[in-house]
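By letter and in written order, the chains are A, B, C and D; residue numbering begins at 1 in each of them.
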């Protein structure tokens, strides 16, 4: 069969030029499309806001100002970004390995527990070592939590969607129990965990903001993860097992081993996110300290189309929403429920706009690869 | 444990501003109207539509806004995890008073306040470590004790169901107050303490109360956020007496709601704002307000409540004001 | 066994049923969508809308029936939205579902605030429990089975209907084929698109009925986020029930019973930390998976968009 | 002009992402004829038929059917117009029963009820009429590929059609079964059914068709009547060159024995009475091709899985180069030089969503030169893949195309190339030429013989007796998990056929 020109069967010089441009800058184009979708969401949201008797333009400006406009907001946004990034990586890598992990929320919480145990109760370590140990503890705890679901899947073939979801609820309750007793802070009147020692805290990297070293770490980890998945043999094996277990077996790939690695990474990443959240900003576990990073992470991964830049941008978007929406409340007095409405609209419209991107990349590049 | 650093109780009789009928507040209204308005920000941990704790405070804020034409702002559903950022943002947007309406915000407020010495912070809490902070809170037990008196005398099965969200120190304090109040009148009274584990699961609260009623409880006292509504409905369905909490729950079921113990959580912000306006409030202090300050009280009884009970409550209130009644434990159930 | 025990158990069973129904409706809804190959992760949001509009309709018109209808309509609309994005736009059903959840949480909260901004929330008219006359007063049986509102029984009827539809009608066979392998269904002359649209809309309606159940039989009040995560549990109930209506019924009963049991244990005051009691339903679900459910086979084309060249 | 024909394609054009599958194809079919479509893998045969049936939509061009313009081409409409199709990839739902699969889409005698029993009777009648024996209550996933093929045929026959399309219906049938099928087809044709028949097997085409059209690279090359053409001409038209069907191989005596299958038995997990394999013994020498002939599902798959380390036998040993490798992992065996071409390319051989380049290194990705240190060497891998698609003539726009977008024939070439291009001492091949066109088949066969010359040990498992006889030095016949006899290229086909059918055995 003869090859087609990249432009498929679309004629007209203009379209032609558009197509050629798009084919070269698919990422850029899809970003544009998403931004347009966000714009639409804000438009609809704006109309509703004006129903509530608030000047929508003012409200929107607060969204931007609050999350980027001032130094503190900027730092805060990037701080929220970190756990989102970790959770989305966790989901993405599980997805690639054929494991449907909706349990990042719970794994993140357990990771936080790990960090607190090491960070608050092991004294007299030098900071670097202490920090590393805390992060390791987070990884181990997260991995174990994911591992439970993994073991159940490998040995009993029981569905990981349920198990990871159930483990989220269990983790939340377990943490609640822990901060009521075992790891409750002795010097607080409230039920919160002990605070980690200074030697376990991550340094602030942008003064007068909460932005901490975890941000840098998260970027490095992202690079590492994608290197692992796409550039190393074990990553190749994980993806193969994810895409077709049988073919993997026929190719002599050790399925259990690949799955185990996948589990450790997926759980470890979420756990690491929890640890870093504790070590960088919260320093102790207060109730409901995650606030749904794990679930947002799923959205981030899918919206980001499982690729590094996509995930980076999507995580940023969710962080901006989290921070900017607060500003919209404080500044413009937008009622809280409306903020959810807008957030929902953004999610739905951005994901829906993916349709255009798909269509484009099909006609342009060929194949849905 | 916590018992150690239990908040110091001031002598409110002296410090606490006597809160009179706003109408009489004439002189104050003038001056703030003159210079540019006072900017007040408030932070809530739940939705402001919770039919109680937060909502009452929110309504007070709106009332104050009208009365002193304040410039107000608020943020609701703020998780403990991010409250510091919210406080800082408000401080940066230079508000005059930032009030955090939630016990669990106490530590955050005391941590952030020193960073902004010329901003005033208020918290519904138990600690004020810096000169620009006040902490205001109800005793969180006195009116429950009184409710206990009612419950203790009204119960026939000697089983009193108490539904709360969790086992927070406040919750335990209340449970124990209920226990003390009830047993002060009726040594055989028992408390069934139940948790919903959620502030907004009405249905669960209702089922919990139902379970307790089926198990012989004949008084339901619910203090579990929005869930309270559900618990009272259960009582209504089984035609069992109930005692409401935090606001007057009478309207929900006039015939079975004996009374409600009100912790007027709307009062703190009023005290803070008016104190700031009149400059008659001492900062860096903790104010624990109770029955004697009119912050805690029982709403008018319904007809089912006999005179003797009313008298007993009367008596208990007096004892309380005379400080004859010890503060309940916050650590463990006092019956075991 | 003494009387106290009997009451406890009777209460527990009756409660189990009441606790299961708000899971059963969305679970059946989700099941229908998934059998046709579409993942409905919007159940939670659809429940919320059902709950709100159910409440609103009943409270405005004084008729719970109108409330129920409004609730169902809202669910149908959300279903339509999900159907469009997943069938026509072929974008992530998971994320659209999450989005619908957040959106519904917001919109219901917002509308609720518009209608009532003061402390005294206004009660909606509830569906009464059916009066079975003498039967109702049969000791144990009466309390457990004959003490509910018609929606409870409607839930069970839905199970029977769904099972009958899936396994005893031609359209049911075609319907399942669409979820197993749309291309095969299409070659057999089955209209994949229509089937999937119907499935998702119906699933929205059922989910919203689950929500309306809360505000029209359980409590007369709407409160923000009243569904409290039941839509998510429903999703696991579907897998736990092995994608079979009867299985789903059992799964929902299991969740309901475990939750009810947990409450009963609290009443007994055994001094177990309450967090562990609250864990019971979730742990039960996991044990059930391992114990007697084992490997679950989901519809082969579930979540996969159907591309026609 | 279109009127006089029963069915006419006019200037049909269809492109898939990066592929022009059909390029301005015009084709006419006479009523009551059997019309054969020939063409290399990827020529566009299935696509053309899928368009007629309404699974795909042409980008441009018209179809005229029974004299009218046929616009609404959807399967529903096709069925309404009496068009039936047996698809190349079985259109069956694995976890539905055979019966359910056959009922699918039928309208019930009294709706909405699903009258299973009614349909059962109806179907059994038809099955009987055509001498097909089926257990309607088995799940499709439980039955053999050959059986599935028959279900597809039964489905078409049951639904009845004036125009019946068969896309490679015989690729998994035994010669006998194919002959039975042809009897049915001719019978139907007598009764006036028009038939379009796609096959790569020229013999069959010559046997039953009236007219023959040849597609190449999405273009219609020509249409001929059977009388005035020959198999050789056809293959020349398809591939553009002569195809030899006989190979002469150097007959050399057996050197060292490389592969020993020592009394292997395998018991069915579910039913311990049943032996999937029973005391199988084989020695295979260096530089020899041993063929295992047998009807599908007689234990071949299990034997292959045991040899390749995917399964452990209940008893018995496997020796390679004298070492006992019975409990070696698949990877260890691969590293010892075992190559395996499995029969199910879509599920066992390939990862359909992966690019060609990724599929090319499925087994060797972790070895040098593809991996250096901890990282995969993109450049090296792409070079390797590029070389593979050119050397093995995989028709595709680029190595970055996911293999699911390749025609099945080309998918097979990817696997063959991959296995031949890696270090190989023992070659285990199963159905290596399913769905391949004559050119590709010849190519694969030559490669196998070449390997033999280079001293590779080849174990060829195939249901295609022709193939086995052409290539193998020694032939063993397997029936119900037992080796029931031995033969060679000179032996009498009849006898081998009988052994395959289980009605005759040499060994007791």
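Assume a contact is a pair of C-beta atoms (placed from the backbone, for glycine too) under 8 Å apart; a residue touches a chain by one contact, two chains touch by 3 or more.
Keep in mind the model is a prediction, meaning the values are calculated, not measured.
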| item | value |
| --- | --- |
| Partner chains that subunit A and subunit B have in common | C |
| Most distant chain from subunit A by Cα centroid | D |
| C-D or B-C - the one linked by more C-beta pairs in contact | B-C |
| Length of the line joining the C-alpha centres of subunit B and subunit C, rounded to whole Å | 36 |
| Whole-Å gap between the CA centroids of subunit C and subunit D | 46 |
| Geometric centre distance via CA averages, subunit D-subunit A, whole Å | 45 |
| Rounded Å distance between subunit A and subunit C, as computed from the means of their C-alpha atoms | 29 |
| Overlap residues in subunit D, where contacts from two or more other chains coincide | none |
| Subunit C: positions in contact with at least two other chains | 109, 112-113, 224, 275, 278 |
| Contacts with two or more other chains, residues of subunit B listed in rising order | 47, 166-167, 197 |
| Chain pairs in mutual contact under the definition given at the outset | A-B, A-C, A-D, B-C, C-D |
| Complex interface listing, subunit D residues touching subunit C | 14, 16, 53, 55-57, 75-76, 79, 85, 87, 91-96, 100, 103-108, 111-114 |
| Subunit C residues within the subunit D interface of the complex | 167-174, 176-177, 180-181, 183-191, 297, 300, 308-309 |
| Interfacial residue positions of subunit B with respect to subunit A in the complex | 1-2, 5-7, 41, 47-48, 73-82, 84-86, 88-90, 92-93, 103-104, 106-107, 126-127, 166-169, 197 |
| Residues of subunit A defined as touching subunit B within the complex | 66, 70, 72-73, 76, 173, 176, 180, 186-192, 210, 282, 286-291, 323, 326-327, 329-331, 333, 336 |
| Touching residues (chain side subunit A, partner subunit C) in the complex | 48, 52, 152, 156-159, 161-163, 165-167, 169-170, 173-174, 176-177, 180-181, 295, 298-299, 302-303, 335-348, 351-352, 354-355, 358, 368 |
